[in-house]
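The same subunit A turns up in both complexes below, where it pairs with subunit B and then with subunit C.
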Partner chain A sequence: MTFLELQKISKTIGNKVILHEIDFKVGKGEIVAIIGPPGSGKTTLLKIISGLLAPTSGRIYLEGKDITNTPPHERGFSMVFEIPPVYPDRTGYENIAFPLRLKKLNEDEIRKRVLAVADLLGIRHILDRKPSTYSGGEYQRVALARALVTEPRLLLLDEPFRNLDAKIREAMVSWFKDLHKKIGVTIIYSTHDPLEGMTMGDKILVLLKGIQKQFGSASELLARPTDLDVDEFISIPALNILKGYIDECSESGVKLSFKNAMLKIPKKLLKCERGQEVFVAFRPHDVKIDTGEGVGVFKGRIININYTGRNQLVSLETDDTIIRAVVGKDVKLKIGSTVSIIPSIENLRLYDANTKKLLE
Partner chain B sequence: MSSRVVVKLENVTKRFGDVVAVNNISFEVYRGELFSLLGPSGCGKTTTLRIIAGLEQPDEGRVYIEGVDVTKMPARERKVCLVFQEYAVFPHMSVYENIAFGLKVKKLPKAEIDKKVKEAAEILELSSYLNYKGGRLGLSEQQRVAIARCLVVEPKLLLLDEPLTLVDAKVRERMRRELKRIQRELETTMIYVTHDQLEALMLSDRVAVMRSGRIVQMGTPEEIYDNPKDLFVATFVGSPTMNLVEGVLELEENKLVLKTPSYKYILSKEVESNIIQSLLGSEVVVGFRPEDAEVRNDGVLEGTVKLIEIVEDRKILHIKINEDEVRVFVDLLAPFTEGQKVKIRINPLKLHIFEKKTGRKLLKGVVSG
Partner chain C sequence: MLRRILTNALMWLVLIIAVVWTVIPVMWMISLSFKTYGEWRTPSLLPRNPTLDNYIMLFSPQALGIFIAYTAILEPIVGPLSRTLIISATATVIAVMIGFFTAYGASRYNSPGPFTLFFTLLTRMLPPATFVTPIVIYFTTLYLIDNIIGLILLYAATTVTYAIWILKGFIDAIPVEWEEAALLEGASPLQVLFKVIIPIARPGLVVAGLFIFLMAWTELLFALVLTNLNVPLSVQVSKYVTAVGALWGVQAAAALLSSIIPLVIGYLIQRHLITGFTFGLVRG
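== the complex of A and B ==
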């Protein structure tokens, strides 16, 4: 059942379009991740949902009721910003109790709720301490506890893990998913990190330059990005993109031509036109390299190697472009040497060179 | 001192009041090398960098740059260039003027300045921004301007203090690749401070892992990742974090068994008992990286999938086995669901065994017979 619905939400400031017709539905208890680079409109969208900003046009419905003009404090939402304001002169307990005091709850009730949320978040041991003694993760948990203690109908989180050390962030993401299973609150959260967003979100909204590019599950995004921009944004390490054209369409597949290479892929396109210019995209993990005299599609010179622990990320210079490949760390490679490059033909996608739309 | 050595720290200690920020550390950085100081917040890595830059005075020990004792030398005379986490770009100057700044101070001929600025801008992909005012730039461009400004003055040493922490995920990934390439091509000697283990692995020729003011382990990224010296390095380096299970090692009918208070894990079916004889009966922590185990029907450990995460090309299953939780990689499109029962097998060659009391590594790899 739809819990929250955004209908064609747009925001213009002066003649600048910040958001253009954002339109999606959130089910009760779901996590929606808004992913996009800095400046794509993520924070503005969260502020509009929270009521802190009014949309220029469009409507917002909560359980079927139009809340577009409902003031923030009547919506029953909680919002946590990137750098949440935790009062430095108050203990953890007082920080978490603060919104309940505003609601003039009695002391017993406050105590009961603060302790319950502190147990849930595993921060009972720091309730007596002041924020200056907290680690990054603890600080974030106290801010989160304060947002949860009012039992909000919807929790809005703006880049909640951005300022945490890499190692703590990794732990927080797993911890947070776990917490969500226990409390089941509906969450809309934003991140610039597509991988974090795809791990956290039941649904993911890809927001690029204020435009809703795609809304769907992580597997949908990975398997069928609507266009090249989405594919490019969600791929880390960076997506390989080659420009070529369709040389032959047949029952068995498509033959593609590049500057100095040909590639036949077993994909039947709904509409296949000879001579059509296309972008061929594949992720660095979907490339094999052969150091022997192999039958690779492209030849490439190794210009860079980054060791990642599990693997090596290799950058290869070809006639057309630079191709990146993730290969096992046991493969012996040398900078400057030439190798054969074999993209996995099952895992590449074709996009129209003009519209950048996925060709199916 | 060999001329290969650009920087040498000798028993350097720095205290702030009662806190020992840097505790008797020594290392050498070679010409053309990218050397990283890696560790969590508060481990002393930034203080170490600031001591090399001359922004802090050590309480004890010496600092040498190209063989010269610079311990008491003021920062501006050291010919090092420092890039901070928070950008330091002049907002009212154009990108061009920002990059040219150090060269103008040196009063170089205009044509030479122009050439150098454009080269650096090209390398750092700033060519199209040269006329922009510094204040109009996004964080990642500002950070690249700061690096370009350092590169053009051709410092003996480039010091970088978490330069990519504030840039977004996509740009950070690209910068990691680019910085490594630039550094190798220009053969700049760099010392790079970061809390991000992946960054350190991807960029460095050598890494020093720091904790509480000390260097815990120093080596190539491969050495640090494949052969961590203790539990701290083992868990700090590597993402997802190394799986750990505590217990007592025992040998049962040639099977290596880890006994926890309530369970018994078969770690390996056949082992050469002489290798682990000395470890039997002692309290240990057994570690293995997520990529060193696999989900298989004939696996020896059974558990339930608790959570599925996406990491680049792979999915990670968080599997609850009795009271422990381990992470194992599976294919991105593999049809696993939360709640499903699975069996896993660990590669015995990739087991790390640590002493529980000290965290010290006792053994890596149990050879199957």
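== the complex of A and C ==
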């Protein structure tokens, strides 16, 4: 069932288009993650949903009711901002109680609700302290408690874990998923980190330069990115992109040619033209390396090896470009040696060189 | 090693000179205020026969017969003291209030533009003596001569620029998101101001207030020109040394009294200066 629906939301400030026709639906209890690099319009979009900003055009519906012109506090949404609203002059308790005091609840009710949400988030022991004594994680939890204490219909989170160290962030993400299971509130969540977004979100909205590039589940995104920009943005480590030409189209597949290599893909394309310029993209995880002779499509010279825990990230110089491959840490490789590179054919995607759209 | 000793010695020397430089006049003032009439012009730092006569003189000039010739023109210190308290406190409240709202507007809405804001500093760029005459003319027309309301308005107007600039810095440091969060939770713009901004910027309000209070407390030039009978404390202190005669000891006592009150006020509000203006975890 659709809980929240955005219809062609656009925002322009002066001549600058901040958001262009954002259009998606959120089901009740779902987490939608908005992912995009800094400056892509994530915060603006969240502020429009919250009502703090008005869209230039487009409509927002909550359970079928048009709320585009409803003032922010009547929407019953909460938002945790990038700089979390934890006021430094008062204790954690007073910070969490702040929205309840605005609603003029009586002191017993306030106390009951603040303590309940503090227990839920495991921050009861820090309620009497001032924010200057908090760690990064505690600070975020107090901000979250303040947002949850009003029992919002929709929770908007703007890069909530941005200021945390990598390890704490990882812990917070899984802790947060557990919390979501318990309280079941609908969440729209923004992050610049595609991995974090894909871990958190039931649905993911890819927002690049104010344009909604794709909306779907993490697996849809990984399997079928709509265009090269999306593929590039969500791939970590960075995507391998090769420019080539279509040499031959047939029922059985496509033949591609590169500077010094040929590649045959057993995939039938809907539209296929000889001589069409294409980008071939594959993730470093989908590349195998063979130290033997002759089997690979590309030959490459190892120019760099980085150890990333269980794996090693190998950079290879080929005739066309530099290809990166993730290889198990036990494989013995030497910088300077030449190896064969075998991209996994099934996990390889073709994009039109002009439109950057996925070719299927 | 030798170099370190020398550096240390030099440092101590500079410190000692600085301390002596600032403390000696104060010590001399304290000592003088306890000296008897005959001792006023002697150079000793400790009074030989400590007396409270000078202080008694301050509060009831007629109590000790010997100075009656001079004191006939002097009123008890309580009058000027209470006037200065009222003037300084009221001017501070007015200047800080106007300054706060101006700073808030300048910080959040970028109005009235940075250049205009800069112009408010103009009153502090000219030597005050250059606009004494126009002020006297205005104040005469407005019946504000020898009226504490005149001094209140004047002090508030000439110090408001400090309040604006000090508070703008504090308000700029408060993220707009903190206001938006409160708006989202149903706060009215006024509630945002009074429940979010003012409490968080309180140290700034205290700093600006203290600063302006001290300026108003010690101002002499305009007070001297614009008052006649209803003199504030700064003028009163200067009155003990006149063409008729010099009451050095009484003046020292008055000066001491005049500096103790700001000291006490400063001490009482210093905890507001120290407490929590730490945005701690907000990292870029």
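Keep this in mind: the second predicted complex is superposed on the first by the 359 of 360 C-alpha atoms of A that agree within 3 Å, B and C clash if a C-alpha of one lies under 4 Å from a C-alpha of the other, contacts with A are read in each partner's own complex, and residues count from 1 in each chain.
By our rule, contacts are C-beta pairs under 8 Å (C-beta built on N, C-alpha and C of every residue); 3 or more make two chains touch, one makes a residue touch a chain.
Just so it is clear, the model here is predicted, and its values are computed rather than measured.
Colleague: In the superposed arrangement, does A:136 touch subunit B (first), subunit C (second), both or neither?
Modeller: both
Colleague: Kindly classify A:167 by the partners it touches after superposition: subunit B alone (first), subunit C alone (second), both, or neither?
Modeller: first
Colleague: For A:103, select first, second, both or neither according to whether it touches subunit B, subunit C, the two together, or no partner.
Modeller: The second partner, subunit C, only.
Colleague: Residues of subunit A touched: more by subunit B or subunit C?
Modeller: With both complexes superposed on chain A, more residues of subunit A are touched by B.
Colleague: Check the residue A:90 against both partner chains and state whether it touches subunit B (first), subunit C (second), both, or neither.
Modeller: second
Colleague: Is A:24 contacted by the first partner subunit B, the second partner subunit C, both or neither?
Modeller: In the superposition, A:24 touches no partner, neither subunit B nor subunit C.
Colleague: Counting only touches as set out at the top, which of subunit B and subunit C does A:194 meet: first, second, both, neither?
Modeller: After superposing on A, A:194 lies in contact with subunit B but is clear of subunit C.
Colleague: Just checking: does A:177 make contact with subunit B only, subunit C only, both, or neither of them? Give me first, second, both or neither.
Modeller: So A:177 only meets subunit B here.
Colleague: Mind sorting out which residues of subunit A both subunit B and subunit C touch, each in its own complex?
Modeller: 136
Colleague: Which part of subunit A faces subunit C closely enough to touch in the complex?
Modeller: 47, 50-52, 72-73, 77-79, 81-83, 85, 87-90, 98-99, 102-103, 130-132, 134, 136, 139, 146, 150, 163
Colleague: Would you mind writing out the residues of subunit A in touch with subunit B in their complex?
Modeller: 37-39, 135-136, 165-167, 170-171, 173-174, 177-178, 192-196, 198-199, 218-219, 222-223, 233, 236-238, 283, 285-286, 303-304, 306-310, 313, 315, 324, 326, 329, 335
Colleague: Residue numbers of subunit C touching subunit A in their complex, please.
Modeller: 175, 177-178, 180-187, 191, 195-196, 199-200, 202, 275-283
Colleague: Under the stated contact criterion, what part of subunit B meets subunit A in this complex?
Modeller: Those residues of subunit B that touch subunit A are 40-41, 138-139, 168-170, 173-174, 176-177, 180-181, 184, 195-199, 201-203, 221-222, 225, 236-241, 289, 291, 306-307, 309-313, 318, 332-333.
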